[in-house]
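Data block below; observations after.
By letter and in written order, the chains are A, B, C and D; residue numbering begins at 1 in each of them.
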């Protein structure tokens, strides 16, 4: 019985949906800070000026991060039996273990095993990628991101269409620049994939400027591509603005209707 | 009779409007994938590192693309007689052949004839442009693009006006920079058309940085041009956002009115 | 009497507001095309590669533009007596002559006098600026630009405020970069006005890249400035989108109310 | 009694909320111009080409600015007793002295004391920062900035979320580029913090172009990052556009309801 009540006590503190007070439980607040720390550590230690000479310190820190994530994973698996959604029993544990949140947790834990394969550059980089991706563990705690997600999802079709229009513009502008500037600057415009690098920088208005057309006709087309790029920014922005505006209006209309019914 | 029913059987599978089940027919799904493959192939083969030494492979692939597009063209022409819009008979075939979709198909087929003119660079590039433009064949299958097209068309006048404001700003800023920086950097600002290259990169916020003013007065004007550029982005975005928002609201108002009528 | 009726006949053809058929009168359509031609000519002749060797041709063209604008000015002044707004008489002529449209016309005519001062570079450039600015003559013919103008004017206060926020951000970011990078890159960040050139390119997301901070702290602040720049784009865009959306909704609400009244 | 009435006379002229006529009192208009002048002076004197040789002139100007700000501070403190919000008495003076507006005024006055520490570069720069920051004194006079502030605050949660999405994208894209381009360009992509400099310039579409990936895979990822950057601009713009639009609609609905009630 004590084991049951401990499990329930932990479950309430671990599952943000089971915590009935406002905000996050102290335990989850600790995990949020801990994940942020682990990600920050992975970012900093990738810098040779910081890492070199402090290999042992960072190894110990990474070991601690990995072990805490391992303990967290085991505890969340164990307490998942308290969640009616997974039901309990071996099937319930399996169902929880295959849920997206649990898989993200498992990925974060897997960094521990990568550490044992030594410190070759390739493995070290993969290890850091895993650490950075463990920021996805934070997804469990955020409900507010759903408002943005819903707005994007409600217009996913129009957004996909504007992505396709962008793809067509990318294709056409890079093909034209390849034809016009190909002989002139073979390194930069000598093939359609090469011209795409310039084209994408122009259409998104990033404009690195490492590659620019040099012929008057190429510059004319580049100018038209840049103007088209503004349209490409305007389209998704307009679609999203309408989606967010729509969400607000719908909420207000519901309130308006309720007031009318009274 | 068998010939008639075969034509009808094909027509239903070829014309997206005649297919009564959800989505696209398996045949059209094949064509969509095939067009994407043809465009991808044209993009890749323009890269010398990939093309050189594989000329024969790509020639065969292009021949297959061209022949399939030719067969598709003939089949669509033949089955167009089943479409009540074109009516059938020699006049119906001609009417279909002059429809935009059929002309795009003809353009894609024309690549076959360009292949026979040999592999000179100029012809090869024209050939690739034709291949890339055959992506327009996909337009036949998309109904969703109309929502975006309608929103843009409903505000075409305001969008045109903001394009004209952009043109005036482009003229004025490039003339001013030509006057101020013309003596200083004759290569970059020595004439109004030359200054336009800088001006368009600044107004669209692309900012390649290959050409920048060097005098304090030139930099002051460049800064003001850059700020104006934000207005130029804000205008079409605002217009499009309002258009999309309007489309959503109109749909909701119609639903609201229907509910009121009950 | 004949003189009166000729004046009225001309007035109807010259004043877009007095022309009762749809669109512009044939005479005004000619003037629109003529202004566009004069501006285009001024743009092209500024290019030495085009101008050198064709001085006489361009001189004759400019003379024709100037004389036609002079005749247009005189005719518009003469027919202004038919416009009830100016009343006629010497006072009416004066009132018309001081209206913005007439002053713009006078500016365009003044190019004629600049031509007589010889072809020194400074005068030639001023002359071309006057020619380019004569594009403002087109303002007389556009009624549609008012929709955009109204939307901007209805939110001029919020837009001004976002400009002031931009000014404060510009001041603060350039002061901070001047403090951090001033010793490091005195040419680029050695004073606040110098740092502003970088700051404005970053805040507007133009990003020429001719000047970038080199210290880690400078880069951190530059990154924060760039993110703030997105907010600076979002503010006026959001304000304008709301203004355009509002204009559409108001029109619809008026229609909705009219329908209710019936 | 005279002292009281003088205090009240001054209070009405100093506190924008106590001034019952339209706009600002003449005294406050003087202060607004004076603050702008002080900031402008600090900007200009940071430029060595202007400052060198005019040290005394600028010293006198700065002394005047400091003394006027000191007098203003004392007067505002003294007249705060007339403001019912602070109540008067020593407690009232203290409460006013700790209000944000008074602290900003104190900061501006503190520049006077920095002047006495000599003209070392470090102190001079700090002094100029304080002068520039005294632009915050203008905040007291603006009520209109609240409309923008309210719109931003009403969506602060969504805006914070889009900032967090931006942070995750920044982390992931810089980690990937570090893995792909790290060996190739160790100076630019040799660690995650270094890669972040490129990543932030790309995601905000600033695109300095001082650092660009050189491998095909790096360029592919950079292109995808740039496209994601458009989404990052679209999100806050859409959120703000909806917020501004919502504010306008709410005001109109209130008017609409009032009309219905009549």
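Note that a residue touches a chain if its C-beta (ideal position, glycine included) is under 8 Å from a C-beta of that chain, and two chains touch if they have at least 3 such contacts.
Nothing here was measured: the structure is a model prediction, and the numbers come from that model.
The angle needed to superpose subunit A on subunit D by their Cα atoms is 90 degrees, rounded to the nearest 5. Distance from subunit D peaks, on a Cα-centroid basis, for B. For the pair subunit C and subunit D, the distance between C-alpha centroids works out to 30 Å.
Centroids built from CA atoms put subunit D at 43 Å from subunit B. Shared interface positions of subunit D, i.e. residues touching 2 or more other chains, are given as 193, 201, 205-209, 233, 237-239, 241-243, 245, 249.
By the touch criterion stated above, subunit B contacts subunit D in their complex at residues 205-209, 237-238, 241, 245. Those residues of subunit B that touch subunit A in the shared complex are 39, 42-44, 46-49, 121, 125-126, 128-129, 132-133, 135, 142, 144-145, 147-148, 151, 163, 166, 193, 196-197, 200-201, 204-210, 232-233, 236-237, 239-245, 247-249, 252, 256. Remark: subunit C residues 157-158, 161-162, 164-165, 168, 171-172, 175-176, 178-179, 182-183, 190-194, 201-202, 205-209, 212, 216, 219, 223, 226-227, 229-231, 233-235, 237-239, 241-243, 245-246, 249-250, 253 touch subunit D in the complex.
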